[in-house]
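Presented sequentially are two complexes of chain A, the first with chain B as partner and the second with chain C.
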Partner chain A sequence: MKRNEEKSNRRTFLKTGVAIAGGVVAATLVKPFTGVVLATEKPSGDHPWYGIGIDIEKCIGCGNCASACKMENPVPAEPFYFRNWVEQYTVKNDGTVKVESPNGGIGGFKQTIPDEEIFKSFFVPKMCNHCAKSPCSQVCPVGATFETPDGVNLIDKSYCIGCGYCIQACPYGCRYMHPTEKVVDKCTLCYHRIKKGLLPACFEVCPTNARIFGDLNDPGSDLVLFIKDHSCRFLKPHLNTVPKLYYNALEEEVR
Partner chain B sequence: MPDQIKRLLVAFVIFLAIFLLARFLLIPESFGELGHYRAEAIDDVSAYPLKHAGSEACKECHNDVVEELSYGFHADLACEGCHGPALRHAMYSEMADPENYPDSLKLLRPVERETCARCHDLNASRVKITGDSTDISMVHMVNVNEHNHFVFDETNEIIRCVECHFSHSP
Partner chain C sequence: MEHHFQRLYEVLTQVQGYIYPNEVELYWSVLIVLYPYITGLVAGAFILASLERVFNVKVLKPTYHLALLTALAFLLIAVMPLVSHLGKPLRAFEIMMTPNPTSAMAIFGFIYLWYLMVVLLLEIWFDYRRDMILWLQTAKGFKRFLYQVLTLGSRDLSPKALRFDDKAGYIITIIGIPSAFLLHGYVGFIFGSIKANPWWSSVLMPVIFLFSAMVSGIALVMMVYMVVSKIRKITSDINALDTIAKFLFYILIMDFALEALDQVHRIYEAEESFDILHLLVNGKLFMSMFIFQIFLGTLVPLATLAVFQFYKPVEKIRRTIYFIISVLVLFGIFFMRWNVVIGGQLFSKSFYGFTAYKNQFIGAEGYLMAWFWFLVPFAILAFLLWLLPPWKKHEELEAQE
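Right after this comes the complex of A and B.
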């Protein structure tokens, strides 16, 4: 009697298992898994898909981008509020890495390490990566931060409740709490400029054209040609945030 | 139907009505049109005021400077990189008389050593010539702390770069 019961149990278990497995396969066929999206993949609709290119080899660390951003946008003047900033990386001969960013690079840099100790050194401009799968907009509890159809990550300041979840969610540290408005603030890719056909302020003032702005949907845009020409990398690709900021000559030490 | 169920149903209908009314009043009109956000927010952000005019706007009036620039290495630089955001300056100057031009709309004319040093000071991070991928070799490097570091006796000021170098056409 006991044996029979066990047998029938096994049969039911196998039947259910096969049914679930078959159901999963069928569901995948009906609606394929689209979790992994590539930023260069053309999104549905006939509109631009804005991206950014930064050529680290060309950056001379003048800090024009950081200061132009503060002048174009209502960013507080204190040296710890930035929508974009420049970092100076210095790798010493013993392998230790020193990262400096005095006032975000506004006013230029000084090399504090003597030349004979330096193995290599370079500047890395940082800003919002305008991710296609941005963690910041995923965690917003009220829908105050979002990705526009043309791929720019914005904040609805009248809707933000200032909880600060997005500041913690952003792996690139590109958001801050505005001290007087009490809402979160971040790079808008100068949305008010690009919608009028102008370049974002930081791209406008870069003296060496280290920054390239363009439309990833347009095969003839400067940005698409830049990506074709160089071996570009993202920051923190393992997080699958699908950034749209392409760095040329991004070194392993950069975090 | 038992009485208590009827009473519960009435309460349920009232709560549902309050919920729907609150939902209707609280959710903005354009919420959800494009996604889980207020679609009008895009227009709000697009309406932010501009500050930078772009070098093309400068060229409309300052032909003489454009010519100066064309001779030298600074020809491709954006005017506003050194002189600051110029949109209000450009809009106002079209109708302005120079004598009554307000000081607040005058642009920066940086002449300090520090301004030149931002790009031209000797720095190991800056010196890197890698094949043909970059024109960084064109950015001239000097040790700003040593190069012709004369101090004027009368004013106790360091000689400025612009005393010898013409910044528009170095």
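Right after this comes the complex of A and C.
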């Protein structure tokens, strides 16, 4: 009698064990683990998903992009408000880094460090990264900041309460409080232009084509080809904001 | 506007290193320092009150109602610094009407209302219902009208009704303790959840905010109790003060330990942001952190209270020292909030430099406005003490007879 009980216990144990192991294998086959580059899924549907490419190797620091932005959009002229700007990085022979962006780069740059002290120097245009998991729209208390279905991060200015929480949440410093409108302002990727099939103002004026605008959903777009051909990186990838701004030749010093 | 730009140009000359161009202006000013400060005072005062009610610390009886009314006075204006700081204050109510569920700030509105409506107002109402009905019979004029409104038509003084008051008050206090924890822990989360800012982004932030809230709330009630006693020309109950001081001592130790843990953790891990934070703490925050917050606001009170555990000077000296300690603690916790809020915006998120904070005295976000919102609760408290004097409650009068 006792032997039988033991036998049946053993049988149940084996059965359960096999069932669990089989289940795990089956589940793995159904949804195999894949490493992800983007920790978010591209939205489905046949509309575009806009992104940006910036080729640092091509940027000459003319600052046309920054000034075109202020001309095209209602950005205050004072040097405290920018939807996009250019930074000049100079790595010295002693390893120290000097970063400058006088008036956001409008009017170009002057190198203040003597040539013989310079290890290397380059320009980095900055603008809203139009993150797929944007911390700014996560924290907006009223949902005034939102992402459009085509992947552009915008603000409904008639709804923004001006609390500034999104300014704190943006890791890239891309937002500011508009001094007269008293609401937050940021890059719209010239939404009014791209919806008409035009390029954003900063892309339009770039003399070296260092800026590439395109649709990440379109495998033949300039942007997708640019990302394919270059080893691109994001800014601050550890924050998992999933930017849609891809930099070619992004150096370690850039933050 | 010209004046505003002028000020920003001045700040621009004080920028050190490189900051993103949009970072010259520091958007969360002294009013946002005041907001977690005042919310913390509320939570702390309530927790002290609940000690008497739920944990039966009878010796705290003289401060029980005072603590509740203090919490209410501060809670009533707790969101005002926040609202008056908004670019569009008239749209503030949208936070309640169309909240974004992923926003910590949006959810705070509901926690605030829950705490005000369900916890504090209900508790005080049940606590004062009998007295308001009794006072109504003798009061005249405006005061009579107020009692009439506040009793909400209730006139039942039967033993059954009174038993219900007591029971309801007890249950609400039990709900109130986790609510108070939530209220202020949540304020910590508003800062602690900002991953872009390494000075804020810490899982310990809600806990640190909670303990510092308790410290400041206890100190506030201690101070208010002594001042009110002085005005009423009675001697404050030294046993109550000793007990409050003892709680202050324990919680101050925990608060200090938690903050130290947070800093030790940062220093040991020394992540990417460490260098800039190190410069921040030893530079722009040196005075407000090491001198105001840690030395004056924490170590001096802590050392004094530690000595009191072994050696107690005579009552008169003890009272004076308690008063000084409560003021020091209140001062220190204010600068703790300052170091979090202002400190977190002084360094650039590029980690390459600093901006400067240059506030005016007058103006929508000036120091005058901050003082105004800090002093209004005391006026409200004076009004509440006139309307609902704890020392005229029936149990107090019974005790005196």
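The definition used in the following text is that the second predicted complex is superposed on the first by the 214 of 255 C-alpha atoms of A that agree within 3 Å, B and C clash if a C-alpha of one lies under 4 Å from a C-alpha of the other, contacts with A are read in each partner's own complex, and residues count from 1 in each chain.
Assume a contact is a pair of C-beta atoms (placed from the backbone, for glycine too) under 8 Å apart; a residue touches a chain by one contact, two chains touch by 3 or more.
Source: prediction; values computed, not measured.
By the touch criterion stated above, A:Pro237 is placed in contact with neither chain B nor chain C. Once the two complexes are laid over each other on the shared chain, residue contacts for A:Tyr159 go to chain B and to chain C alike. After overlaying the two complexes on the shared chain, residue contacts for A:Ala68 are found with chain B alone; chain C is out of touch. In the superposition on chain A, A:Gly17 contacts neither chain B nor chain C. When the two complexes are overlaid on their common chain A, residue A:Leu199 makes contact with chain B while staying clear of chain C.
By the document's definition of touching, both partners, chain B and chain C, reach A:Gly143. Of the two partner chains, chain B is the only one that A:Pro207 touches; chain C does not reach it. Touching of chain A by both chain B and chain C, each in its own complex, is seen for residues 143, 159. If you check the complex, the residues on chain A that touch chain C are 78-82, 85, 87, 97-101, 103-104, 126, 135, 138-143, 159-165, 167-177, 179-184, 239, 255.
The residues of chain A lying in touch with chain B in their complex are 55, 57-58, 60-64, 68, 71-73, 88-90, 107-111, 113, 115, 118, 121-123, 143-149, 154-159, 188, 191-193, 195-196, 198-199, 201, 204-209, 230, 249. Note for the complex: chain C touches chain A at residues 1, 4-5, 8, 12, 17-25, 27-28, 82, 85-89, 91-92, 94-95, 98-100, 102-106, 109, 193-197, 344-345, 348-353.
Contacts from chain B toward chain A in the complex involve residues 28, 31, 34-38, 41-42, 44-52, 54, 76-78, 80-81, 84-85, 114, 117-119, 121, 123-126, 128, 130, 133-136, 139.
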